[in-house]
Amino acid sequence: MTAAVDLVNLTRTYPTASAPALKGVDLTVEPGQAVAVLGPSGSGKTTLLRLAAGLDAPDDGDIRLNGASVLHLPPQRRGIAMVSQRPLLFPHMSVLDNVAFGPRMAGAGRMQARNTATRYLELVELPGFGRRRTTELSGGQQQRIALARALAATPQVLLLDEPFSALDSELKSQMHQLLLELRAVLQPTIIMVTHDHHEAMLLADSVAIIIGGMLQQHGPAQSLFTHPQSLAVSRFLGGRNEISGEMRGRAFHCKLGVLRLADGTACAQGRAVMVIRQEAVRLVELTATDADTRGIITHAVAHGARTLVEVCAEGVPLQCEVPPGTPIHVGDHVGVALPVSQRQVLLDDPCPAPSRVGTPAVEHVH
Amino acid sequence: MRSRRPRRRLSNAGLGLVALAVAIIVASATLAPVAFAAPTPQASAWANIERTARGQTVSLWMWGGDPQGNAYVDNVLTAAAAKLGVTLARVPIADTKDALNRVLAEHQAGRTDGSVDLIWVNGDNFRTGVQAGIWKCGWADALPNIAYTAPGDPLLASDFGTPVRGCESPWHKAQFTFAYNAARVANPPTTMPALMTWVREHPGRFTYPAPPDFTGSVFMREALYATSGGYANVPASFTQSAYDRLTPALWTTLKRLRPALWRAGQTYPKDSTQLDQLFASGQVDFTMTYGPATLTALVAKGTFPRTTKVLTLKEGTVGNASFLAIPTTSAHFAAAQVVANLALSPEQQAIKADPRAWGQFTVLDVKHLPPAQAQAFANLPKSNVVPTYPVLARHANPELSASWIPKLDDGWRRQVLTGGE
Amino acid sequence: MNRRTTRAAVTATATQWLLSAWFLLPMIPVMLWAVARTWPAPLPLPSDWGFSGFLDALHDSATSAFGASLILGTLTAVLATPAGAMAAYALAYGHLRGHRSLSVLLIAPAFVPPFVIVMGLNVTLLRLHVPSLAGISLVLMVTAIPYTTFVMRSAFAGYDVTVEDEARMLGASTRAVLTRVRLPLLAPALATSAFLAFLVGWSDYIVTLLIGGGQFVTVPIRIAAAASGTGNEPVIAALSITAAAPPLLLLVTVGLLSRQRRRRRASANPVTHTPAYLTASGALR
Amino acid sequence: MKRFVLLILPAAVPTALVLGAAVTMGVAQSMGLTPVAGGPQSSLDAYSAVASSGELAPAVVISLSIALVATAIAIAVGFTTALAMTTTRFGSKVLKGLAISTIPIPHVIGAAAIGLLLADSGWLARLFGSTAGNWPQFVAGPWWAATIIEYAWKESAFIALVVAATLSRDADELAKTAAVLGAGPAARMRYVTMPLATPALILAGTLSFVYALGSFEVPWLLGRAYPEPLPVLAYRLFTSTDLEVRPQAFAVSMVTMAIALVIGVSALRLFRRQVVTA
């Protein structure tokens, strides 16, 4: 009940649109793995799921389950289930019959399907809700039923299209917990679309980032944050520090001076941009030995539990996050440490940034 | 925005017709007083009526399925009435029964300010009105222009057997007429029995509307005369014994005719309109009408084939007259009388008899009209489809009493339509 | 695309064309007859073209019939729309006693054939000296009320009253709430129900015939009279087109206007709206 | 509360008055209480007369059959159209436009149009060159084909729009959800689309049925002389030159209303149950 998914060179252009929704996307998911597809609105994430589910056909490319193409199969024969942002429960059926729908379609008798459905209702912790009407449920309950319904269809692959985005944060974390537990039991291959980094990191084994219809990067969540392969990825993931300069030998030359890179880092030569996560940058004493540069604090803003501080060092604005309670005063002179292991130099900018290099990237919030 | 111009279709004849109409109307305004120059008491009573009528509006309810009739009333009669200070408003209806029904409802409600002032009516509709007591009576005999009709004209004295008694004023005469397509019928039959034989020899080329359709009902009466050995053998008033004696032969004949009818008599046209459509589309070779006046126009506008000819029967066909009646619920009695009198005037009768206008046969006694007015009738153009009234009405048969009609219709339905072989 | 989906696509296309033909076909001979001067059988097309049908109709008082139809349609809309809207409002928010019987009463005229109403009412109206126009308007209004009430009830069902509270908190008077918030938001539904009520009056035959007493010779009455005679096809066709055109134009205009509105709104709020004339579930006929 | 009562009066009072007066007067006249001529007398003679004349039973059968067949066709065509309207571009543009254009055409004109199309000398007969009386008898024929087609034509557009309005919200997405859950085209139709459309189909179908049962002008223009559907029979008796049969007209009218109301009430119940379970 789990399968490897290969999306090969998927391309899709909608008739009414000028730009393609997807351009040559390749994505491989191992059986039982969960991949989160991250990207800004309109980047083609949902198109990817619709193509995988068979609700839409690609202009080019292939979709393979366990190595075999399923392109010619209609949705109902692909062994794929999907949960959308809206629960889309069948309004004319009871909760139980909604969950029993998949087993019924798979050929189970009415009673057998309902028995199966009862088990899945217990699994999503809504036992005894079977006889209710769908409209009597809260939003979170509806979404849980939708999940149970998808799982009851015993899919090889489960597609989740921002299923929790409409829920409040508490419900959302309950659902996250539930999904983690269900993964442990049922182990379906999961492709989930989200624009919530934290959700992606929490639930998925790996993260794929799609921007402008193209797959930018796919890998373990942590590595994406520390080592983005493009400025676009860095910015999308909220990276705020971009330092222009030049690679010469194994060192990065910029206004801050010469910054060394970790051993084993690729070191092509020429103009480049160094990115470093604001979480990785540390403020240190002016005299500290690990200070890579020095500057004046120009801004300090509470950012959730942490404080976001901007330091102007040699004319370069640097941002860092400091733990709560750290005494910060605008105008103070401080030292700044840029840990070597966290430095990432991007030579070739595949996605030329607008003329705002150096200012914080706009975060996509929807 | 009612147009005073004649209809488009008449474009060739239209201008001439308007000139004719205007001339006659002008003439009537000057000539009419001549006939009644002496101030008799009757004339002064009429002058009172005309005075009262001024400024009143008369609603004339009439069947609206004949564009020529509508145009005649709208363009000619209305204009002439306006000259007398009376506004004439035509109400088109799909069936005269609708008008009768309206009057009955108003009568039932005890209204005297009803919406119907004048109805074009005859036959069983008139008889029903008499039964219900909804007609104003006695006035028609007092109309000045009634003097131009032949005294004792049987068609005007009784309407399908119901004595008229001045409850309606004559409007025009009609003759039941068969029409055939000469291109398909080389040697047309000239008697009813010969027609029946022709029908049997040419299966599928003839049919008649199902009674109680008005036309279908007349056809059945023609057949009854034929199977009874002539109209003289059928008593005008209904008696059960006559019915029992005469109708078996009729039912037998019609039943025997059935397999040779259009669609093998499995079905009949619902009304004369449907029969006309069958004739127009060449599916049958005969049609029939109680209003032969319309044939000229139907041929002219290409609805009926150019080769349409009227069939005159040696033994004659039934004829009738139709009338204008005034209901007791009318609040415009005077004006309604004025319009009825106007419609009866030689000028209006002459225009109406013009096939380019409407072609309806006059109720007047042309032979005894003053020479100038008789000339107007003599000058009428001949229709190339419909013969003149004297030709059509030669050997005219009288209509049966209206009391026969429902019995025959009902008998046909039970014996011929749903009855066995 | 494999063979199966191709065959399905062919079937779907064929079905669509068949359905188009089904809706379109009956109007084709009408359009042909309207521009035929002479069209003798059995020719498949007129032998002589022209607008004699329209001219004849015009000479046969088509204009006054048009006016009479317009008056009846407008009166029905003017009477039945506010009555339906107010009743729907009361049913939606009033918690009235006998709510259910009232609902049934207001929907009942849709289930009573018009000729039954008219035959029963005719003499009564005459006896009470109710003027014809008032009598027709009354019966047509009652015939239209199920539809206007239904449309407005579904509109109120989807209407969020809290926006009125919002407006009030922003300083709107009761009057301003009505004119600036409630009416604009309900405008599409009101337009739909007015249109349906207009159609009831515009297309009526038997109520006008029996209660009108000949004073309202509407287009349908003229068509029925013409249809009872022979050879009147051009006039019937011309009248038919005359009768079908104004509501169609109205519909197209309303559709275009609401599409424009939707577009303007769509830029602010990307939720797709069902067109107003489609939410008119009750009564489009 | 009082304000709400006032608000409902403009609709409720005329409706109650008109329906009440129509029914009261209908019953009274059917029982001979207010005759055109002669004194009033109370009896059920009119009912027994019209029943024993052998015209009422066929009229009921024919009216119900016409309404049933016409509504069945209208539902089938209307439902298919609604599906095309909600799932295809062609449907949402062309078909929707055509269906909407059909709505404002009065039934009288619809009947005239169907007549011009299907009569023996109609356009189709001319196109197919049929003159020898072998054209199927749609108009005035034994199967009431033209009458049925006219109702089916007008009402299918009505049903299509009502059902499409219901389906346009979620039906397509729900059907796709069902597909992903393993439902093939037939199963999607049977378990998702049909049940979603059912309440709208019941409502629109009932309105169409009652309309076809009680409308006069279409069978009058396109039907045959005998036997007659209920409205035509009632109207013929009502306008008959025989005044004695007027009470029978009202008897037929009351029978028609009773049938229509029974059907209406049962359909509303069915509709409510559907909506509740949905």
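So that you can tell them apart, the chains are marked A, B, C and D in the order they are listed, and the count of residues begins at 1 in each.
Operating definition for what follows: contacts are C-beta pairs under 8 Å (C-beta built on N, C-alpha and C of every residue); 3 or more make two chains touch, one makes a residue touch a chain.
Just so we're clear, the structure is a prediction, and the values are computed from it rather than from any experiment.
Leaving out subunit A only, the rest of the assembly stays one piece through touching.
Each step here moves to a touching chain, and the least such steps from subunit B to subunit C number 1. Across every pairing of chains, the maximum count of C-beta contacts belongs to C-D. Farthest from subunit D in terms of Cα centroid separation is A.
Relative to the centroid of all protein Cα atoms, the closest per-chain Cα centroid is that of C.
Separating the centre of subunit A from that of subunit D, both taken as means of CA atoms, is a distance of 57 Å. With each centre defined as the average position of its C-alpha atoms, the distance from subunit C to subunit D rounds to 16 Å.
Chain centres here are Cα averages; for subunit A and subunit B they lie 90 Å apart.
Between subunit A and subunit C the centroid-to-centroid distance comes to 52 Å (mean Cα coordinates, whole Å). Chain contacts: subunit B has residues 95, 98, 101, 108, 271, 277, 280-282 touching two or more partner chains.
Across the assembly, subunit A contributes no residue in contact with two or more other chains. Shared interface positions of subunit C, defined as residues touching 2 or more other chains, are 41-42, 123-124, 224, 227.
Those residues of subunit D that touch subunit C in the shared complex are 1, 4-5, 7-8, 10-12, 14-16, 18-19, 21-26, 29, 34, 77, 80-81, 84, 88, 90-91, 94-95, 98-117, 121-123, 125-127, 129-131, 150, 153-158, 161-162, 164-166, 168-169, 200, 203-204, 206-208, 210-211, 213-217, 221, 231, 234-235, 238, 249-250, 253-254, 256-257, 260-261, 263-265, 268. Across the interface of their complex, subunit C is touched by residues 1-3, 5-9, 59, 61, 63-67, 70-71, 74-75, 90-95, 98-99, 101-102, 105-106, 108-111, 114-116, 271-273, 276-277, 280-282, 294, 297-298, 301-305 of subunit B. Taken in their complex, subunit D has these residues touching subunit A: 170, 173-174, 176-184, 187, 191-192, 195-196, 198, 277-278. By the touch rule above, subunit A contacts subunit D in their complex via residues 53-55, 74-77, 80-82, 84, 86, 88, 90-93, 101-102, 104-106, 149-150, 153, 159.
Per the touch definition, subunit B reaches subunit D in the complex via residues 95, 97-98, 100-101, 104, 107-108, 124-125, 127-128, 131-133, 204, 209-210, 212-213, 262-263, 266-271, 274, 277-278, 280-284, 406, 413, 417-418.
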